[in-house]
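What follows is chain A paired twice: with chain B in the first complex and chain C in the second.
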Partner chain A sequence: MVAKQSGRNRGGGGGGTAAATEVSVEELARVPLQAILLADSFATKFHPITLERPKVLLPLVNVPMIDYTLAWLESAGVEEVFVFCCAHAKQVAEHLENSQWFAQPNFSVTAIESNNAVGAGDALRLIYEQNVIRGDFVLVSGDTVSNMSLAEALGEHKERRRKDSNAIMTMVITQSKTSPTTRQSRLGTDELFMAIDPDTKQLLYYEDKSDKGTVSLDKTLLSDHPSIYLHNDKQDCYIDICSPEVLSTFADNFDYQHLRRHFLKGLLDDDIMGYKIFTHEIQSNYAARIDNFRSYDTVSKDIIQRWTYPLVPDVQFFGNSSTKLDRQGMYRASVVGQSRSAQVGPFTVIGSGTTIGSQSQISNSVVGEGCKIGANVSIEGCYIWHNVTIEDGCQLKHAIVCDGVVIKSGVILEPGVVLSYKVVVGQQFIVPAYSKVSLYQQPIKQDSDEELEYADSSTGFMDASSLSGLPDKLKEESTIQLSESQLQAASEVGSGGVGFIWSTSEGSHEEEWRHSVAPIPPAKLLEIMHTSNNELEVVQQDGNLPPSGELERDSVTANSNDYDDDDVDVKDDYEFFENEVEATFKRALEENIKEDDVILEVNSLRLSYNLATADCSGALFYSMMKSALSAPHPSPSDLVKNAATVITKWKKLLKYYLPSIDEEIEVILKFEEMCLESAKEYSTVFVQILHLLYDKDIIQEEAILNWASEKEGADETDKLFVKQAEKFIQWLNEASEEED
Partner chain B sequence: MPDVHALVNDFLIKLKRRKIEGSKATAKVTAEVLRSFISQQRLPNTNQAGALIDAVKAVGEQLIAANPVELAVGNVVRRVLHIIREEDLSLTAAAIGGLSLSAGSDDEDDVGHDEHPALSAAAVAAAARSTLRPPSLQTLLEDVPHTAAVPHTSSSGGDSEGKSKSADKNSSTKRLKHNVIEAVNELIQDIVTCHEQIAEQAVEHIHQNEVILTLGSSRTVVEFLCAAKEKKRSFRVFVAEGAPRYQGHTLAKELVTRGLQTTVITDSAVFAMISRVNMVIVGAHAVMANGGVIAPVGLNMVALAAQRHAVPFVVLAGIHKLCPLYPHNPEVLLNELRSPSELLDFGEFSDCLDFGSGSGSPILHVVNPAFDYVPPNLVSLFITDTGGHNPSYMYRLIADYYSANDLVLQRRSAS
Partner chain C sequence: MDFQVVVLAGGFSKTLVPLVSKEVPKALLPVANRPVLSYVLELLEQNNLKDLIVVVESESAALLIGGWISSAYVDRLHVEVAAVPEEIGTAGALRAIDHHLTASDILVVSGDLVCDVPPGVVAATHRRHDAVVTAMLCSNPVSGSTESGSSGVKDKAKKRYNIIGLDPTKQFLLHVAAGVEVEKDVRVQKSILRAVGQMDIRADLMDAHMYAFKRSVLQEVLNQKEAFQSLRRDVLPYLVRSQLRSELLLNGVQSEENGNDKDASQNPKIVLSQLLANASTPSFHELHALGPNGFSLSPRKTHKCCVYIASNSNYCVRLNTIQAFSDINRDVIGDASHLSGYSFSAQNNIIDPSAVLGSKTTVGPQCMLGEGSQMGDKCSVKKSVIGRHCRIGSNVKIVNSIVMNHVTIGDGCSIQGSVVCSNVQLLERVVLKDCQVGAGFVVTAGSEHKGESLAKKEK
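Then we have the complex of A and B:
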């Protein structure tokens, strides 16, 4: 190993001095660059299409996705690729056999099939067991489109490895600004936060699922690294250059499944092994992964706009048919039957053997091979795959239409529609926006997170292999004997149609527009804009915060003493704050939120309203009492009982905000105020509750005594409750004297 | 055989993936691939030339289709086809001459045949007149002493020569292939040495204290300028950087290391600077039959500026860049659009390419053509490895190197 590494160094350093014999030794020891290609995304984002075909075989601008990935790997100098197929493994293997990839010189493709992998982790463990990876390798999924050169990233990776054997992975990232309105990237993925050391390019933090828009960094990171850049304008390309240790890590941690969620975060959190992950940012080259329908749309458009050059339709980078690029980005295959009056707009791809009828209009779309498009059809922003029949007068907008679909005359597809394989849409039918139509019935929703993208035979779907004769059979049956479900299927997409409309589950319905091929509707954009504006206002309020928490606490404690004299603004602020705390507390009660979380929330509220802990305790106590009051209480004694249960339940929470006597006095004052104003019911049971608080160790006697002595010189009206509590105070006094 | 197929396939893939760049390298590799293809080709006893031509044509079609933008591939294929025809002709003529047969008559109906040097001038003239083709300058000048004034049967794929050839069939079988390979070797040699050939003429064109302007980078231009420098000419060079690939920068570096006084300017400053320039010297991607030039993008602008200020616009082109097609031929793919990332940084503009909002159609378009077409009237002079030529003479030069039968190779594949 040592000898090999030294040989490599010399090669990297120029190799001019190396003797001829050593060079040949190095040549012998040289490991061909290997790659693992995961031909399964282990996700359901492309349902229902992926029930019938694996995602990697879906055509992207008329070429299967996996061919883009393989073509890129081949041109980037990878010599050995292991294609891991899981869902529809047979189809993937078949495709590879029929393509030219097996016949390439200096490029070997090996398919590894498995039927029981549920995630990338399983795949990598299987490959680890097979012991085929000998050196550094490239890990990609089969839906990656790129034209980057690996040489630079690989060189950096090897250089780092030489210095530090713990640098086991280099992640390729690219710059991509997230949309200011939707907080999602061009590719429809969530906003991604990454913390990177600008000097070493080490990745320190990775979060792609931040719900509240908050990012918390471990403070040790700040002490270990002189500077950290926190990025939200970077896109993860899902191209990783890994050392063999990555595989063994997967083997050691059998619960790792997801490459990012489990593996990456696991490594970042784990400091036992000390493995480090670095990033490599590509500047002008292109790299993107197709994760959902939105990125399918985006990447297709990027390909048409030639960002992926030379992986563009008019360059025959693999077995695609010859296509010519006309003006304004019109790609047309050599054999296209286009009516003279048909208008084909810019940035459109028309596959060979397709015919287009008169007066039809096509723009910003991809039309596959062998399609028949009738007259007066308008197609805008659609992806029409192979052998699709579209009859006269249809209107299609931003839809995906799979192989063999028949769209009868007069059909309207609203934006975001997905028609899966061989669906037939009946005449004059209007397919509603974002609906997905398939020959398969929608599976009953499963709870598991790790849903597979293929139809499991146990869940009662027909296997894809038995599908071939299906549509004909269905058509025949629809006329002869209709089983109940098929009748329903036929009626779901118009008369004479075949297919089930998948209902979107409630949770995801809201998200449907985010991941569809259609652009986000303006109404939604407005809505988002509105909410984000509100957020902005909050942020502006934050703006007058002192930067550090310590400073703020000092300044406010000074404030809180003369709190009553403060101007109206603060008073208003306090009322808002009180309401917010009350709402939070109510939610905590209803949803059974843990105390720690409530503390977190209240703390964040306190910071955003610029108040002291004393205010928190007051507000919290107030909301607790309110909640006790809201419960039914026929008599004052019941009220006390209610209060007692609430206080015992949330004792810890309240205690958290009572670090000193001052806060406790504040609570008593607050209670007093409540009894006078908002909750007069308590005025009769004031002493009882005070006693309760004392019993539960929430308020110490010192606080009560201090409160009493403070009130000594006050007006008679103010003394009302002190008088009520006179006996209690007296008892306390005596008790303390006895102790002395 | 199989290894040749592998070789051809490998080259095809390289062409398709745009792995080979530059017309010289492409031309050389094409010629080499064809050479090994020919040497491995098994020929039938009769009509060898026809069989060979068909085989080469078939391979040539594939090669041309693999990268239609690189015209050098097609040029070399046509050159090789022409060589086969010529060699076949010479063999036939020699056979006829040797056996003193008067078999052939003057009724040749084929056109586009180059004359064999082993015929006397008189015979050439006679044959040429009958073939409706004016005599080529080269063959006229070549004075070969040979007295066998026999009009030959010149037919490439025809069956007529079979009978005359039957006499020395065995020897001619070997000889045809041998001769063709010899000639292809010469062609490869020509391609390899074209820079030197062109550079040799540098002193005649570049004079003392001149200012030369060039755009982008071309190996031929570098060699040309350096050859003049080596001959103790002192002159200055303006280098337009050649956006978006900025190959002018590397050119400037190279010129400076060779001790040439160099000034780098932007492409847009060309018009401002052209009045100080004595000559524009540029490379080309391809030279068309009408004398037009397919050249790196930006050169049409330079040519127009040069014309405005009456500055000579000189194009250096190796002989493999001579394309026998006219730019209006449908087979000619004039241009290639390259990646927009050469112009823009993708990340910086990623927010302009967000298809999630708005109408969903791209609003930002980036067009990055690789080539310009410079019409012949803007070109003052071509310097090829055979000397300097006027644009209007190009078609003539082409007739020397290509036979008319081969001009359209692709039409068959398209149909």
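Then we have the complex of A and C:
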């Protein structure tokens, strides 16, 4: 504040127009450094815990995450912070009030609350409307742990800005080691590909979620930049130094929500206003964002191993109780009741007021305040928050245990388990790996991309009243809901247990091990390695990079199935389509669905598989014949009868898909194919069925004659059925002649 | 050194018409009054690479070139001249002389290269990394930018030659786009990015067409991929593309069966032992081969593609366009005079003692006048090369041009930024600006030409 005022005074003092620009630049520099802290990550990675508490208040080595971010901002010279809270806004605001952040000199913290923001874009638009940002600002999320100095990055940013007013953002990146097998960094984030100009550090390309095998850079990039570095070894710290234009860009593009996926991509791809983004790489400092459980684990370990100094447990940076560092990275609060026979291993933090029973072993873990750990308990790689009770003989491995959880005796937590607030696990229960247990039932999965991380506070979730005494009023129905749920839940986590095990849907289960606190099991690693090996092959087979025409031709000879692959794809598509049509038809049979509805469904299938009408008629006919086949048919004549009934019944449906002769021929061809391959039973009664189709006016004689003439030039083997139908065709021919 | 050198001398290149004619194949085009091929041959000779195979497209060109080599390099070099059919491409040419290749490594040099980068360093890089291929890269040539008043044909558009991806140490070639691919979007395989972490993509480097190949690999690729025509467009990209998933190994067994010497890179065990022996930091290839955490179900097969990047102080240009022809001639008697092998006079020019100059005729710096040439009075020559036995009249101005041998130039002619081939007659008062005049052509008196290509009709 002081600095700002002196700046103002000077600005006022400098009068002349010649000096005006200089002064304004100077004044720009004198504006107190501001920061926007997003206390909502607009994601669901920390469900179910974040149903009850906002992510930024979750304890990281016994200190709420947001305190790390604020402490860093303060030490880095930020003078004004706007904390944007959305989900559980009240809890965040309350936390800020109770902390000493409001009382710091030269550091003002303002909370901005909103109830309806669904993404970072909304947040920034709201802040833009409030008109509080006056100059360059730091944009971070409330789950950032860092000890970097902003001075250098800020200096670079301002320097660039002076030369080029389009340089509106500087992104902080750092070196990371991506595992080639899991394709993700140690923070559990997806692999990131960036292209950066090595001279100017301008960011040219950013891709963090893609299944494509290649990175594709626009050709124009290379004409502007003679050299481009493509990085797979860098990590985005999600610390951005922005100019006010960033806010106005968000305001102008109201569809922008995600900072990276929308804003960054929009700027890079669409070249909005010619704005440019630059990067600043930090070398020795620490910066990481806690995006998921795995990064929670990684960052916790980094803190314990003091990479984040001075933000470490034994330095009192925000009034955490005095903790002392022992040998081997062991931190112990002053008041710990530890049995003599209990063993506390290296890299472990024990909070104050915690008691540990005899023969218990704790290693590589964080235990919060006021926990009661019984005897013969083994805890390895776990994060146990506050006031947790663990009874005798439990075994915990790589789990997160939230406040107030009670784990009854003999319970085993397999790796990757998350127990949300106040869950009770019944005696001897084994919680399966990667399961998440909460007092709340799993909400119905929404497919929406912009899912809110936290349940809206207005829905009045029951809250852990003991801890922070949340003001949310309980609604009556929720109480009932809970008591009901408690009854149901009892069975899910053992006798006497309380809580629901959240089921993971098929798709996300695959990701479960990626983002879990548990280390990736070796079996999984091997598996991925296998697939990645294969993928490598696939990637290269697809080639994507035939440098010249000759090569392409050649690659056909090299992997002779290169082109066939395409065919296979199409065929597969058709097969899928056929299966779906068959299923639809079966359902129609069973549930007596009206023809119109079937038509509607088949049409939508056709559109989604991008196929022609002829394919529909073929597939539909196929399904009909199949269904006729599936009905009991002791003799071929019964089969014909079955077919006749089906065809008669669904004639209208089939007819709908036979607008012209071509489709009718397609049906005959399809039938022929069936007789040869999938339904050989029909081969004996081919002519009869053909006749039937003719009788029922499904296939006109013209189609049959065309089919016959088409087949004339074919191989003898292909003519099998034409020969069978010879008489019939002859008859048709004669009949048509007579008509003439 | 166990290197066999193959010089691809080309044939009668169509792009260089009218400079190239039935009598003068591309390799014999004069650069500072010496065939361009001599620059490569002498460079190789300096590096003690004296066993050469010169591959020439078409028999007639082979005869011409063979004749010249045997007269010029008798006793100095051991050269075999091999004729191959026309239009079979560089890969095709190598395929055709397959049976001549015996050494464990092959150095392939383009015969139109004028450069001062010793091939020895390319060979050394190749050996050091035990690479399957090592390519030399140089900066894109800056064409026609030196002097004002130079030809207008120049600076068409900024032409890009190659797009090249390098590892951070600038030793390995990770990505290469040549030919038509250059003008498209750059697509880089993620798999290789994952293995390397960082890739430097450059558009300012040119493939100089000097490669070191491991012979067994080269032969294998040429035999397996019959459609490959060009080393630069097909073979090199193929090797680069497949370096982390080498297919060569599968066939390595074959080459062993054929009784060929075993290739170290084709045996993972040997690679590993080498790795341990060297105790140097393993390259990403080896790390990738070993898989994450140093274990892998089956070691992945990899091979290395290396580069040697010539420094900017080196001169390295290929004579493959008319523009390049002019540029090289200008540079060899100008900025890159060390290449010419001549000693310059105090005026920074070379005038053969047998040349005759008329009164008030001036020959400026960075000029060359061949033996037996005569010039009349009041002539002026600037930044030009004049060949042997030319007869030049009076009041002739020659600027930024190349005049080959036995050319007759009438009085009062003005020649600017042009190339005049051998046995041409320019009658009086001809004005040429940015023209090429094919061999034996007669330019009528008083005619003016600008930016034209003049040549006799092909019979």
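Structural remarks
One rule holds in what follows: the second predicted complex is superposed on the first by the 473 of 740 C-alpha atoms of A that agree within 3 Å, B and C clash if a C-alpha of one lies under 4 Å from a C-alpha of the other, contacts with A are read in each partner's own complex, and residues count from 1 in each chain.
Quick note on the criterion: a residue touches a chain if its C-beta (ideal position, glycine included) is under 8 Å from a C-beta of that chain, and two chains touch if they have at least 3 such contacts.
Worth saying up front: this structure is predicted, and the values here are computed from it rather than measured.
Using the contact criterion defined above for the overlaid structures, shared-chain residue A:N131 touches neither chain B nor chain C, since it reaches no partner.
Once the two complexes are laid over each other on the shared chain, residue contacts for A:N364 go to chain B alone; chain C is not touched.
When the two complexes are overlaid on their common chain A, residue A:Y229 makes contact with chain C while staying clear of chain B.
When the shared chain is aligned, chain B comes close enough to touch A:A518, but chain C does not. When both complexes are overlaid on chain A, the residue A:N116 reaches neither chain B nor chain C. Residues 179, 181, 233, 525 of chain A touch chain B in one complex and chain C in the other.
In the complex of the two chains, the chain C residues touching chain A come out as 158, 160, 163, 165, 176-181, 183-191, 193-204, 224-230, 233-234, 237-238, 241-242, 244-245, 247, 288, 291-293, 296-297, 300.
Those residues of chain A that touch chain B in the complex are listed here as 71, 74-75, 103-105, 147, 174-177, 179, 181-182, 184, 186, 188, 233, 235, 283-286, 294, 297-298, 301-302, 305-310, 315-317, 322, 324-325, 329, 334, 347, 363-364, 381, 398, 518-520, 525.
Chain B contributes residues 6, 9-10, 13, 16-19, 65-66, 333, 337-342, 344-348, 350-351, 353-362, 365-366, 368, 414 to its touches with chain A in the complex. Of all the residues in chain A, the ones that touch chain C in their complex are 178-181, 183, 191, 193, 195, 198, 212-219, 221-223, 225-233, 525-526, 529-530, 533, 535-537, 539-540, 543-545, 547-551, 553-554, 557-558.
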